[in-house]
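Have a look at these structures, which come just after this line.
What follows is a pair of complexes built around chain A, which joins chain B in one and chain C in the other.
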Partner chain A sequence: MTQEQTADRPRVDAYEKVLGRALYAADQPIAGLLHGMTVPATIAKGRIEAIDLTAATNVRGVVRIFTHDDFSQIKTTPAARGAYGRPSKGYQPMTGPIVRHRGEPVALVVAETLEAAIEGAEAVKVRYAEEAFSAAMEDDRASREPEPESQLSSGDAETAFATASHRIDVEYLHPQQHHNPIELISTTAAFEDGELRIYEGTQAASAFAGGLAGMMGMDPTRLRGVSPYTGGGFGQKNGIQEQSVLVASAAILLRRPVKLVMPRGQLFHTASYRPRSRHRVRLGADEQGRLLAGLYETVQQNSRYDGFGCEHGANPPRMYGYGAWLGSDRIVRVDTQTPGHQRAPHEHPSSYATECAMDELAEAVGMDPVELRIANDAQRDPITGKPFSSRHLADCLRRGAELFDWNRRSREPGALVAENGDLIGLGVACGSYKGSMTPAVTTLRLFASGRCEIATSGHEMGQGIRSVIAAELIDVLGVDPEKLDIRIGDTGHAPQHVTAGSWGTGSAAPAARSAAVKLREELNLLTGSALSEEPIHLQLARTRRPVLEVTVNTIPLGKDAQVIEQLRRGIPSTTGPEYPEFMAFSWIAHFAEVHLEASTGRVRVKRVVSVADCGRVMNRRTAESQVRGGVIWGIGAALREVGETDPRFGGVLNNDLAEYVVPVNADIGAIDVDFIDQPDFKLNPSGVKGLGEVAMVGATAAVVNAVYNATGRRIRHLPIRIEDLL
Partner chain B sequence: MRSLSYIRAKTVREATEAFAAAGEGACYISGGTTLYDLMKLGVERPHHLIDIASLEGADRIDTGGDVLFFGAGALMADVAEDEVVRRDYPVLAESLSKAASQQLRNMATVGGNLLQRTRCPYFRNGTIGAYPCNKREPGSGCAAIGGLDRTQAVLGVSDACTAVSPGDWPVALTAMDARIQLQGPTGERTIPIAEFYLLPGKTPHFEFAIMPGEIVTGISVPKTEAGRRSTYLKVRDRESYAFALASAAVALAMDGDHVRRAHIALGGVATRPWRAREAESLLNGRAIDAEIALAAGRAAFADARAGKHNAFKIELGARTLADAIMTAGRKMQ
Partner chain C sequence: MSDPHDRQFLEITRRQVLEAGTIVAVSGMLPVAAQAQASSSQLAPENGVTVQVRFQINGQPSVLEIDARASLLDMLRERLGLVGAKKGCDHGQCGACTVHIDGRRVASCLTLAAKIDGRDVTTIEGVGSADTLHPMQQAFIDHDALQCGYCTPGQIMAAIACVKEGHASTPEEIREYMSGNICRCGAYVGIVAAIEQAAPQIERG
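Right, the complex of A and B next:
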């Protein structure tokens, strides 16, 4: 294995995508396709009293309008929705005459054209009986769950905190955010070759056979999930959508293929989102800045009917060598759709709160924030006592500080001033993300012609998983990238895991690698002698075999063969971060430089330096791209993004890309990325940990801490907007 | 399906006749960047579209005469990039180049831009049920008042509506005393831009002093030396591709160090492009420094009325204007 081979290679699907040849789920050319459009509920809670379809039915081109009367047979099962939260009953809209959140579908219009479907949907008249609701967790009607979702502790944190020389006790607020992948969520259901195919740009093609079949009372083997490409997932596409079963059922009832592309304005109300959360952080340190105690209590918004877990407390105690720790996470139920995983789902908000609190502690102790973190570096997890499989966080901090020229920072806020009078602020923060893996079933075929086919578990959502698989095949077999056919995201080719939680690369790379190694071994048996440097397909050709096929099950560390059966049945079967012998995490340090316009308080992020420890870097180009994307999201979270809810109405008012403000190019300055690039072979034979999510963990805190360094003001809510600094 | 007729007119007369013949639901369309958006949102539901994008000579830009003349069909991008406009009237060029995106400016016309409608989220949002909105449905009330009003206006508001006038170009034109040329079934007329935009009062659904069937055919701007010392400053929630939280168009005619005549208008803070006469009076006859600039900024907002979440716009607007005055004052004649 050489660095050159995997260092900086273009994505294998780059040209296909740039030329628009890549067919996404909603692009599939299917004959006789019907178009669907949902009618969203215009109340936040209540009952449907009547639905008048007269006008809608008369719209030319409308084929059929479905309401809850048509779908009462659909079963809501815990596996079907919210599969990755806590098991609970869940809720499928349109199975009864009730409305549980604003914007949920109350009717589905199916027509010969999209235009007719839209017009039909607009013509559906629904009469509701409204009920009182709570739109936000601060509302009087919001219900606080009595028991914490999770609790972690070690030692006597309360006492250690009470007697510490330096104490920080602060509360940070994180707002609701929405993923907004550019590819809208679509569902196409079509009967092809005697099976029902669901085309959906998803991170979980197996969720259909695993969940949808059960909801519809179908034999799971007759249902195939296909996710050809996913145009950004970020966790919003990691399960069955509110629309999926409605479209599939409509196709069955009409005996024709049906497609629905959910408009963005509705997606803000039907798809998952990052819930609002509050974080109380208490840190106690001795005179030298040694962390004696951390106490961390969080509260997170949730829906009334589902269980998206609150796990903010999982990572912060692993960041530093706390003498003692106590954490608890609670949920508050309100009348919205169920929140879910959004890139670094809990790690991002918790790093925001705790890494800003660390900055406050550094100031209280009178220590440099980089030094404070290095002084509290840990090689063992304070909660379990286990060592980390690898941890180069201190190196990330040291290298980042050097690249960033951290030494120019003054402890005195506002001391650095740019030539144009802008105040310059410098901030640092760190992040971590669990090192997880998931099983895979891989079939690899090498043809004597040089063609090489691989079918395995995983979804391409822009992160570059095809390129990672290609890199391992090229590395082990030396095959021609032009002759590679990589089949992923399709349950017709291989069982599919949910591609999320930054375990994509850590699972796909070892899977591809072990299949390639096995193929070499098989070929070795055929040739009877050690393989030469000659192209491998020529060596195969000489054995007079047209093709050689191997199938490999990869079982992640700490699991047994049973996990393959779970994978086949679509049951989540990931590992990590705790393994028998160690804890596994990726680590990162971010440094941010902000410039603040003195007159208006406008903040511009001029430069970010990020150094990550993600194990081996599989492809420098896609890895840097991942980190830049994560950092940009972190900047957006710090200064731009918030889903706005009017408590009188519920729902999200700014439900489009014009009003839901994300950064544009002009908002982003330089982002310099570097990697420690030390393989973690304890975790897997490819030496990789995850990168997709750790990339953004801590980035927001670095920006917020930089704003403090520029202004001397601690702003403990997000986003920090112009009115906060005016 | 909802039927929609479409014709492309070659002359103004052809367009106005088609409008009259079409009856209810007729609508002119030019660049389409606003109308298509509003149609998708269900705010506009025209039955007949009369395309006036290719009227003969409608895209004429003439900077050679006594006035600057912009045909209503001239593209925002073309006016923004015109050499004379950039050199002698930067306030006009900047107001265009800071609006929307290059792609939109390549389609949108400077005449159509005058008629852009508010970005008030309650007005625009019909996705999950139309909110009470006196613009959208007269008499239904105003959800923005007492609601999420962070981006609403603080100047020119009424108890019926606080929606912000969204444009940048109309703000610059207001500062520069532009005149709007209109042509309709009954003939041609020209009105000062100050009379083109209506305050919401009790009838916020009336926004423009334009008669049914009338077409904006051109915009003229009197030539003035103040144009060279001018600027358009726009402060928003991100650095590009967003509407103003506060903006200021400033042009200064100077006698040595002293302001002879200031032209000032504000955007993002008012229910119409807002001429700031109080600020102008304060500057006229005075030398410019940071203190007087901020005083002028504050004077412009003396009558401001804030809602629940938008009080910051009063201070932000004043400082934005002050920064714009300082920038314009520093420019060489």
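Right, the complex of A and C next:
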């Protein structure tokens, strides 16, 4: 029983996926299904005075049209969209005659066919009384929260900054971005086996069983959340959606199953997104480039009512050995839809601002940016003084520099020119993401036939959690991957944690591993002697038992058994990054090569090299894919993505995939990925940290720094477009 | 309203709810609702102007009387139970719904079902089988050219067409001709490698 390193196996669910057989939420075959379509509000703020349903009701096939009159008793609880667990926050549309953001549903048309539902929805006429609103934090009507959301400090940063030899004082702007997983958010509510099943592509199936039941005043045991496959989450599917309770209630009132696939144009307004933010960064260094002070102030644009936090300041002070630090994060509230967690929610924007500022500092000091970072490496957290559980960031930088051939870089911008005349720029940046874990409940069954069933907590949204679970079962039990049945994302099989924050692998791997180890122990007791190399199911067969079952609750480091009850109730209970003895983070270094066509200002990212320290790598193939995905998100953020809100109307103007531009195949060149692959057993018995989000952190800054190296121009907003470079 | 029975019970439901309050009514209604669903019929009636289309679907001749407003994607998914083609935008912007009509790739969300009369439609369900994967499907597995898998059926249909069109001779050409299919997970490097692997096998076949 050794812990195999850098295992390289096909993704365990790839087979079903290439055959088109993996069933997502909207794919479930359900008899007698009705189709829903929502009517989005066309004002940003105000009251609904009247809804005229005459024309819509006359559309052939329309079964029922729901309005706020039907849903007034639905409760907005801490599980509701936008509350993020905070009491008195959040907002559930259609529970009253008010509109709090443009695009929120004001009616739900249910019909026999989708075509009739769409026609019906278009025929609903709503009369509003509009109120004044603000849609941007720069607006006079915007409200600044009086207290900072978070603050961190160590030493006297102001004085250290004032006396530093080299000082950088810059402001970076990060735009609004939208996740846009390709799976549209759909909700299907259907009755099966005396319970109401909610099929919705989600990262949080227990939120349906627990949270939705609370909002509807139902017994949670009568609700089951099912999401065996989620078509991309990226944080947008980490809780109850605005539509979820509406569809569930409609199905109950109609006594028939109802499906709503919300159009993408509406999702830009109802689903979460990354909010705009401003970042002032001050860095002070001595003659040798030693960081004496970091001062970091951020402002984030939230909605009026949400409980979404602002944690930009959490990671930057942990990146380097700052002599002193002062940071604060503030929120400004406006009348728009609720923002939320989007891949590396605050770590990405903060790494963009601070790692670009580091590049500016390197230039001011006259140091190589890689050298500057290595010179300021730290093995202790400057804020708490605690050591890191593991940190191989300097190794990431050294290995990346070698793979990337960093030495060809010139400090002089525009010095490297391609054969076709394109300016070549090389940039580097680093990132970190907290090492977190969450509890899990696992039932593992081994059959004498060789079949092996596992039901555990976690959702598969493409990150490869099924492959991670499989890797541990194969490692410990030697079971045949073809005979594995992995049941996740379904509250009917196990309570489901919110699978986010890069804690999926750090929770699922130890859960699967400890269940497998326990099963071996129980089999040992049955056989009465040490297990042999023979296939484990044959050893079970010889005990004349058809099946052996074990159940294991895994409790993450620093938590007690109470967290299992929280998990069952759908309440998030995660750990990290601070543990009693240490701080835990994953680390990464990105190197980007951009080619800039001087006459048009067009930027192409030809090559990226990324080296990650994520603890043990569970599956080399899926891990590489995850890092490439994160890098592509970083490229999209650097050069493409921005949600443009019209301040006159409060809605997102570019609310489709033609106008909200995400990277396509032609935008992506080579992305070479490597790993340090050193297990971190301080954190958990599987030795894993997290990977999905750290993969993106710093990637945008590497591209922006490369653009500077090509052009000598510091562009301090995103995305960088041709008009910035002409 | 197509079914007078529906209209009747909806009225009753509405009254009950308004009188008793949603919460009480909702929780009490669950068993009744479950029963009602079990007895409802499988196929929804078409309720717009219909057209009759005769076509081949994955090699099988078929006839369907279908709402003239329906897209090919909604016909496949909601009428024929072929859910491999996915809805990602419904605007022809993402490629997740890509299928072949007479061997050419199309966005099925932008194609009216009425237009496939006399045509030959192939979806991911008609490509390869559990026993024998198509070379492109195997190549997608080999190069981990997918993550969440949602765009994958569309990517594979586009990839097969890309090769057959003769647009898979270089990585640059593949990237260009595969740019109508968005993969938000970012599996592009694997997708290009998969097409490079499968192209010679498809061209030989």
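Quick note on the criterion: the second predicted complex is superposed on the first by the 713 of 726 C-alpha atoms of A that agree within 3 Å, B and C clash if a C-alpha of one lies under 4 Å from a C-alpha of the other, contacts with A are read in each partner's own complex, and residues count from 1 in each chain.
Here is the rule we use: contacts are C-beta pairs under 8 Å (C-beta built on N, C-alpha and C of every residue); 3 or more make two chains touch, one makes a residue touch a chain.
All of these numbers come straight from a predicted model, not from anything done at the bench.
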Task: chain B or chain C, by number of chain A residues touched - done: C
TODO: With the two complexes superposed on chain A, say which partner A:R648 touches: chain B (first), chain C (second), both, or neither.
DONE: first
Open item on the list: One more residue to check, A:V664. First (chain B), second (chain C), both or neither?
Closed with: both
Open item on the list: Under the stated touch criterion, which partner chain does A:E122 make contact with: chain B (first), chain C (second), both, or neither?
Closed with: first
Task: Which of chain B and chain C A:R640 touches, first, second, both or neither - done: first
Open item on the list: Is A:T113 touching anything from chain B or chain C once the two structures are fitted on A? First, second, both or neither.
Closed with: both
Open item on the list: Is A:G629 touching anything from chain B or chain C once the two structures are fitted on A? First, second, both or neither.
Closed with: second
TODO: For A:R721, select first, second, both or neither according to whether it touches chain B, chain C, the two together, or no partner.
DONE: first
TODO: Determine, under the contact definition given at the top, whether A:M216 touches first (chain B), second (chain C), both, or neither.
DONE: second
Open item on the list: Under the stated touch criterion, which partner chain does A:V226 make contact with: chain B (first), chain C (second), both, or neither?
Closed with: neither
Open item on the list: Let me check the overlay on chain A: which residues of chain A are in contact with chain B and also with chain C?
Closed with: 60-61, 113, 115-116, 119, 263, 658, 663-667
Open item on the list: Quick check: in the complex, which residue numbers of chain A touch chain B?
Closed with: 40-43, 59-61, 102-103, 113, 115-116, 119, 122, 263, 265-266, 269, 599-600, 602, 604, 640, 644, 646, 648-649, 651, 653-655, 658-659, 661, 663-667, 721-723, 726
Open item on the list: Touching residues of chain C toward chain A in the complex: what are they?
Closed with: 1-3, 6, 9-10, 13-14, 17-18, 21-27, 29-38, 40-42, 44-48, 67, 69-70, 74, 77-78, 81, 83-91, 93-94, 96, 123-125, 128, 130, 133, 137-138, 140-142, 144, 146-153, 156, 174-176, 178-192
Task: Residue ranges of chain A in contact with chain C within the complex - done: 10-11, 13-24, 26-27, 29, 31-35, 60-64, 69-74, 111-116, 119, 179-184, 190-192, 194-196, 216-219, 222, 229-234, 249, 251-257, 261, 263-264, 460-464, 621-622, 624-626, 628-633, 656-658, 662-668, 670-671
Task: Sites on chain B touched by chain A in the complex - done: 1-2, 42, 119, 121-122, 125, 127-131, 143, 146-148, 150, 235, 237-242, 245, 312, 315-316, 319-320, 322-323
